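Chain IDs A, B, C and D follow the sequence of writing; residue 1 opens each chain.
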Amino acid sequence: MAENKKPGFVDSVAKSQIWKSIFRTGIPVTRRQRMMGVLNNVFLHLHPVKLPKHAVKLKYTWCMGGLSFFLFLVLTISGILLMFYYRPTVEYAYTDIMDLSEQVPLGIMREIHRWGAHAMVIAVWLHMFRVFMTGSYKPPREFNWAVGVILLTLTLLLSFTGYLLPWDQLAIWAITVGSNMARATPFLGHEGPGASLLAIGDVNFVTMSSDIRFALLGGRFVGEGALLRFYVLHCVGLPFIVAILMAVHFWRVRKDGGISGPV
Amino acid sequence: MFDWLKEIINLLSTPSISFTLLAVIIPFVFPPTDWFEKWHRRLGLHHLWSIRGGWGLFGLITAFLVFGFFDENFGKILSKPDNVPIMMLIYFVFFFVWLSMHSAYANDARLARGEKVEEDYGPDEKVLVWPDLVYIELTALVLMTVFLIIWSVGLPAPLEEPANPSLSPNPAKAPWYFLGLQEMLVYFDPWLAGVIFPTFIIVGLMALPYIDDNPKASGYYSFANRRVSIFIFMFGFLALWIFLIVVGTFFRGPNWNFFGPFEEWSIAKVVPLTNVNLSEYVWVKLLRIGLPSHWLVRESVGIIMLLLYFGVIPVVLARGKLRGLVERLGPTSYALIIFLALAMVFLPIKMYLRWTINLKYIIAIPEAFFNI
Amino acid sequence: MNIEQEESGAASPIKRRRFFSWLTIGWISFSAAAGGFLTMIIRFLFPNVLFEPPQSFKVGFPGDFQINEVDERFKQSQAVWIVRTNDGIYALSTVCTHLGCTPNWLITDSKFKCPCHGSGFRKSGINFEGPAPRPLERYKITLAEDGQIIIDKSVKFQYEKGQWDSPEAFLTV
Amino acid sequence: MDLKKEERYYQPDELHRWFGISSVLFLASIIIMFANDYIREWKGHQRAFREADVALTRANIESAAVDDAVKTELEAAVATAEAQLAADQSQLDELDSLKTVAEGEFYWANMNFMGTTADLDEARYLLEHGLTERHGEMEARKHFEEVTAKVKLFKLQSEGFQAEIDGYDAETTTLQARHKKASSEMNELLADLSVFERKLLLIDPEAMSMANRVANVMRDLPVLDFLAPSIKIQQIIVNDIRDDVNFAVVPKVDRCTSCHLGIDNTGFADAPQPYTTHPNLDLFIISASSHPMNEFGCTSCHAGRGRGTSFTSAGHMPADAEQAREWEEKYDWEPLAFWEEKMFPAQYSEAGCLKCHASEPTIRGAEKLTLGLTIMEKASCFGCHQIDRFDDWDRRGPNLALVSGKLTKEFAFKWIRNPRSFRHNTWMPAFFNQTNNSSAEDKRRTDTEIHAIVHYLFENSGDVQLPSTVRSGSVSRGQALFESVGCQGCHVIEPEPLAIETDLDRMFQRHGPNLIGMGSKATPEWVYTWIRDPQFYNPDSRMPNLRLTSREAADITAYLTGLTNDRFDGTAAPALNEDALADVAFKWLVKNASEVDAKSRVDEMDLNEQLLFVGKRSILHYGCFSCHNIPGFEDSKPIGTPLTLEGSKPTHNLDFGSVHEIEHTNYNWFEAKLTNPRIFDRDKVKPYDERLRMPNFNLSRTEVEAVTTALLGLAKSNVHADKMADGKMDDLIINRGMTIIKDYNCQGCHIINGQGGQIVDIIGDPNLSPPNLNTQGAKAKSDWLYKFFKSPTTIRPNLAVRMPTFPLADDQWNDIIRAFQFSAGATTTFETPHSSAGKTNSTFVGAYLASKDMGDCAKCHVMAGKNPTNARTDWAPDLALAKDRLRPEWIVDWLRDPQAIMPGTKMPQPFIPSKADVEFEGAEEYFPQAVIRMAGDDEALLESLRDYIYSVGEK
């Protein structure tokens, strides 16, 4: 009974107007339906309809690119949720984070976000490693490789800016150490070579409160200003750029002849 | 018990020794030239990339970490929440290096036999994206989620004391993925280690496709066709990045002193860091006439040496060994490549100078924050 | 259309038999998990603790309040009027029962008048003009060990439900 | 299937299996994640507590059960009342129906009235408008009047109906009166029972209705537990006591009560933790106490991490290793990582008090803390360690400016080397032969240093004019005097250590040194001069002058110098080792001179110079000058680390050296340091002058614990001014005075604000002991007090013990007097003199009441120098002094009820005749007219008595 009832039911759903209006194609059983399924779906048509065989082999792709993208989405979602309970001010940043583990429902979002970030860094590195080992950066994909490298850098920056937000000793000192390097940027940092050349008369124009680090921190040291700036960069600025570049990256994958393979 | 073993490991993991070992081993593991190739085979290192070899390596790493966990000092470091990703990193890097080399060797063998590479199914062998690819992607994502959730439940994210600008923890470390840079900071001034080198790394990576003009082995794993580039990449990736991260995380304790994995991180530990500038070597130690007053004179030696390094070596090479390369690429990209390459090699050189003769700066012009 | 059917017919028998098992389990548990995750996100939106000022507070001794006067001292801080009549004290909410504006106490014509839509309430809190559907709410009012008046805003008493008769809605002094 | 035809790569079933498995895992992990989030330590506690609460309530219901006899009786009453009610039912119904009609009418009338009043407001507005606008006022006024009329009408109507209704109500109530009464009595009886029963309904599922029971389960289910949870985090937010997050201070948030649920509920006194009631509800938690929970929170006193919701994350710290072990298995506890301000272990919890009670010399209810602070005063920790609390306190140790007049070099040497070999309980700490300087070679150095120090002291000592001889006194008389005049208010003579633990009272008793072995220490001449006039030898000594006659002084001298310490005299000081001296001198010099220079400098110096040099360096090094006044060191700076905020010093800034056997916490560090100040030098290789040099005070276990508590208390606090205990001017004034009082040990002899007066134990009879000064401020006139302090006069001739003369400056006296006044709430300094002059009548009545056959004051009170008739022990102050000495209104209070003011006083309540006493046949023979007239008016009588007392001794 059940056996011939169920498929009947499934089919009827698949043939219903609602289903068709949404998915256009029925249950992707036939070849055509399968192709249409991919073509008609805004998400799926990131992919071509057909691929060379090796492209679906995990042994070849390691799926690292996909996972990097997925982790980016995970971080976006968990990040948005965390914003409900986190205030980027010197008074509350720390205690809010503390409360995530003490009382906030599903404060575990913080763990997911933090560990997800680490995982993403690793995934991105491995993705790059795979692309190198398969020589996939070679023509015609040079440019996309460059885009990838920028995305890698941005990933690190995203993680770096997020590192400050818990506003604990780990955070503030990691960022202090990190941002002090900016102090030594040639010409742009007040302790960088050449900075002293950018003086007119006795007036020095690259000083502790006018160099690139100052611009980054919004202050002479890591304080209220830095917290806010890093928060904005972390939640809006960098993700925005990353999103755009990812679009470019994926687009180019398709345009450069799909995933690389032996020619 | 095992104390003798721990002693040995502690000793071996001092940067000077461990880095040397790494630097020596890598060319034999990823042989760039025939000579190395020969020894690679002779030493049977190619078995590393066989299935059995893989398990061997895996067992080795695991054994070491497990052993480490039962040591109170190393255990303390390993079980720090923020160090867990690095352990994963170690495993993943190992596994994927192995996997890629494994497939590469397989492919090389096939090519040698005149067969097609594994990835090559010919142009008409196509697959529909739906359902296979979509399906495995979905599965992969689900598994990733599971992995992430388990990790999050099992390991609470760290939260230390409230930020306190007047009291820096000892040691104060950058996020783990920047510890490579922080390790470089030991040997170079911030403007180099923190700004110039990272820029070089990024630029170098982006330039890679334009530098590596070898058209072979695009789109499949292969070693034989790209020995040199893979060797250089491995050296940069493993020795100058991953290794430095591991050192920075596991082996750098209070006052940024080096601690062997099984050593206790005691704040009391004292290590003399009486570093000497090249100029002092020349003017003081050698000539015993005190430092010249003008910086140009004072640093002339260092400046000359660097000019020699970055100026003359390329020319010599261009004349000799790398003549072919120059002809293929033309002077500009050759210059770029050789410069990046020399810069990369400069890092280990400086490290060695520090370890051997406590050299602080080759050129030291603190007046202008210009120290190399 | 019929082509499709044919093809599906061709493909189906293989499929049909194996259709259940893993695929079904897979999809059921997948949607269950996904559903669970969404539920959580909803749960996530409801905080477990609030950092608002405490709902119950002391306002001083009964003696501090004049008979037949509306005490507006706690309107700002606690949104409460404290009214003392000949036989006792009660605490009125300052939230208009119409749309939640804050009425003003007009001593001259002794009534609470809401600026938003002109609802008017008598001193007792009973609504007598304007759109307000029901009287102002009263809060729990009791005496503490030290003889001070405690007002607890977490407990409300509504006239239309006849709750004003409850002993805690009115402090007899 | 044919993958190639299907254009696929993987076997579909493979994929399905993989997907199936991973989705199952997915589901599982989601469930785990949620469980992990839902299951919290505190929830378990709340469930458990609720059960306990149910049990308790049930028990209460048991105990609240009422006596059946009474109950049945009342029930009967109710029954009869109901019966009667039934009888009157018809009447009631009728009334009811009438009322309904009336109400209908009233509703109608009232509506009209309400409506028209609104119109009236409008009309008034229009009229006013018209008047201002100067037009249309005519119509407006007309309209206004119409409406007014209407309102009047409706008002009348509605009032009429209202009256009617009230009438019916009145009748009804009269009919129901009896029943009401009965039932209300019933409720009265069952009042508290019903309270408990209502509570039980709320918390006990078994007592609940089905629906409630379901809800009771539902409300705490996962996911749904945001709707109306019964199990939820309790938190107290304290806005004016703040937590420091370095960049800012944030209001305290304490969630302790999420688990400590019985804290304010007396019913849980002996429940297990965490449900136990707070041990001291009079002072804490409840809103009637001085520290209500909602205003102070928990961590303000106990420290810890208030936001913590688990045993570990709240920062609990165990009292000892034993408890630690217990916690580990019970709550798998571990010391909270990354949080400095951990909870004070139970034994130190008083440390929290100091935060707000900063300037109080003795903090009531915090005895251990007070003891700790007192020890810090005695041992004068503030000499070497800067502590705000003790800023500008003067040096505690004896003044050494004239030391050569008091001691022999021999004694000084032996004393410095090991003070306790001479006096087992001295406050002079031991610097030498400690764990880090006891090796033979160290001894060689230290002995030399001591020699040098002694030399320096005696070289720089001035001379003091001592009498060549002292008249010989009698030891026995001396001892008698010593034990009677009041020396024992501050001094003891304890040859051997006693096995008693230190407490505040003992500190009062041992304010001055234990006077054993005086004979071996000082010459009779010195002792004699000293006790006659301490300030003669040492101008800034705090020892008061007992105004001893030369003879008394001689006797006491004889007694004291008779006490010798032979064991101490037996040992001899080693001779000075000159090579060693040269070495030490060289070692000091070479620190800031080249080897060669140092060498030559040493050679240039002769022995004397070397001694002086080394002496000076040693005194500097060991910081002798921080307790003793030593010529040449008048303005040397303290040598120790400041302790003002020691309590909040990060633990990693405390150097534990190689001491690993103790848990690394600040209090463990303090305890270890105080027990053996040199312990953290263990296994260290340091040059001598870099070693730890804090001397050893040989503190007992209790003392160490007390001082540790005090140290923990010296922490930074973010308390708003009006939460501080000394926020008000009065407190500051009292504290200032009390500090001096404590410093000069007035409480050695007197009970002041309920503390001190130990000398009673020695004298035995309270009536022969110094007076209790509890209400002194209200009692004595300020100007009299001042005169008395400056030159004490005999008030109680029967006392052998004397009020000594204290070397205090005027402002100090004023502080003391003001402290007396403010703590007694009588703050006027100047007052119009009260006198009995012209009050002949009242004085006469008073005299009568005081007369022999009435009060007979003269029985105990000295009357203008005329001694009382009673035994000496019962003597009381001379009433002639009263007018200068006592506040008139105090006398009245005193006479009204002496016991109320001074419990246990011998003063009886004077006889005050009431009306009844004088209303009997022939009262006139007994009582004078005036008395009969005034009888019953107690106040007047008391005042008359007071007036009489004022007249005593007037001519």
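Just so we're on the same page, a contact is a pair of C-beta atoms (placed from the backbone, for glycine too) under 8 Å apart; a residue touches a chain by one contact, two chains touch by 3 or more.
Just so it is clear, the model here is predicted, and its values are computed rather than measured.
Engineer: State which chains count as neighbours of chain A and simultaneously of chain C.
Structural biologist: Under the touch definition, chain A and chain C have D as mutual neighbours.
Engineer: Measuring centre to centre with CA averages, how many angstrom lie between chain A and chain B?
Structural biologist: Result: the chain centres lie 24 Å from each other.
Engineer: Counting only Cα atoms for the centres, state how far chain B is from chain D in Å.
Structural biologist: Between these chains, centre-to-centre, one finds 64 Å.
Engineer: Could you give the separation in Å between the centres of chain B and chain C, each centre being the mean of its C-alpha atoms?
Structural biologist: 61
Engineer: Using the touch definition from the top, which residues of chain A touch two or more other chains?
Structural biologist: Residues 31, 50, 53, 56-57, 90, 94, 98, 101, 103, 105-106, 108, 168-169, 223 of chain A each touch two or more of the other chains.
Engineer: Pull out every residue in chain B that's touching 2 or more other chains.
Structural biologist: Answer for chain B, listing residues that touch two or more other chains: 126-128, 131-132, 136, 142, 145, 149, 152-153, 159-165, 167.
Engineer: Please set out, as single numbers or ranges, the residues of chain C touching at least two other chains.
Structural biologist: 15, 30, 40, 43, 46, 48-49
Engineer: Classify the chain contact graph as line, ring, star, complete or other.
Structural biologist: other
Engineer: Which positions of chain B touch chain D when the two form their complex?
Structural biologist: Touching chain D: residues 126-128, 131-132, 135-136, 138-139, 142-143, 145-146, 149-150, 152-153, 159-167, 267 of chain B.
Engineer: Given the complex with chain B, which residues does chain D contribute to the contact?
Structural biologist: Against chain B, chain D makes touches at 6-10, 12, 15, 18-19, 22-23, 25-26, 28-30, 32-33, 36, 244-247, 338-340, 650, 652.
Engineer: What does chain D use to touch chain C in their complex?
Structural biologist: For chain D paired with chain C, touching residues are 1, 12-13, 16-17, 19-24, 26-27, 29-31, 33-34, 114, 118, 121, 223, 226, 232-233, 235, 237, 253, 255, 286-288, 294.
Engineer: Given the complex with chain D, which residues does chain C contribute to the contact?
Structural biologist: Chain C reaches chain D through residues 14-15, 18, 21-23, 25-27, 29-30, 32-33, 36-37, 39-40, 43, 46, 48-49, 51, 53-54, 58, 109, 128-129, 144-146.
Engineer: Would you tell me which residues of chain B are touching chain A in their complex?
Structural biologist: 82, 85, 88-89, 92-93, 96-97, 99-100, 103-104, 116-121, 123, 125-134, 136-137, 140-141, 144-145, 147-149, 151-153, 155-165, 167-169, 172-178, 181-182, 185, 189-191, 193-196, 202, 205-206, 208-210, 212, 214-222, 226, 230, 233, 237, 365, 367-370
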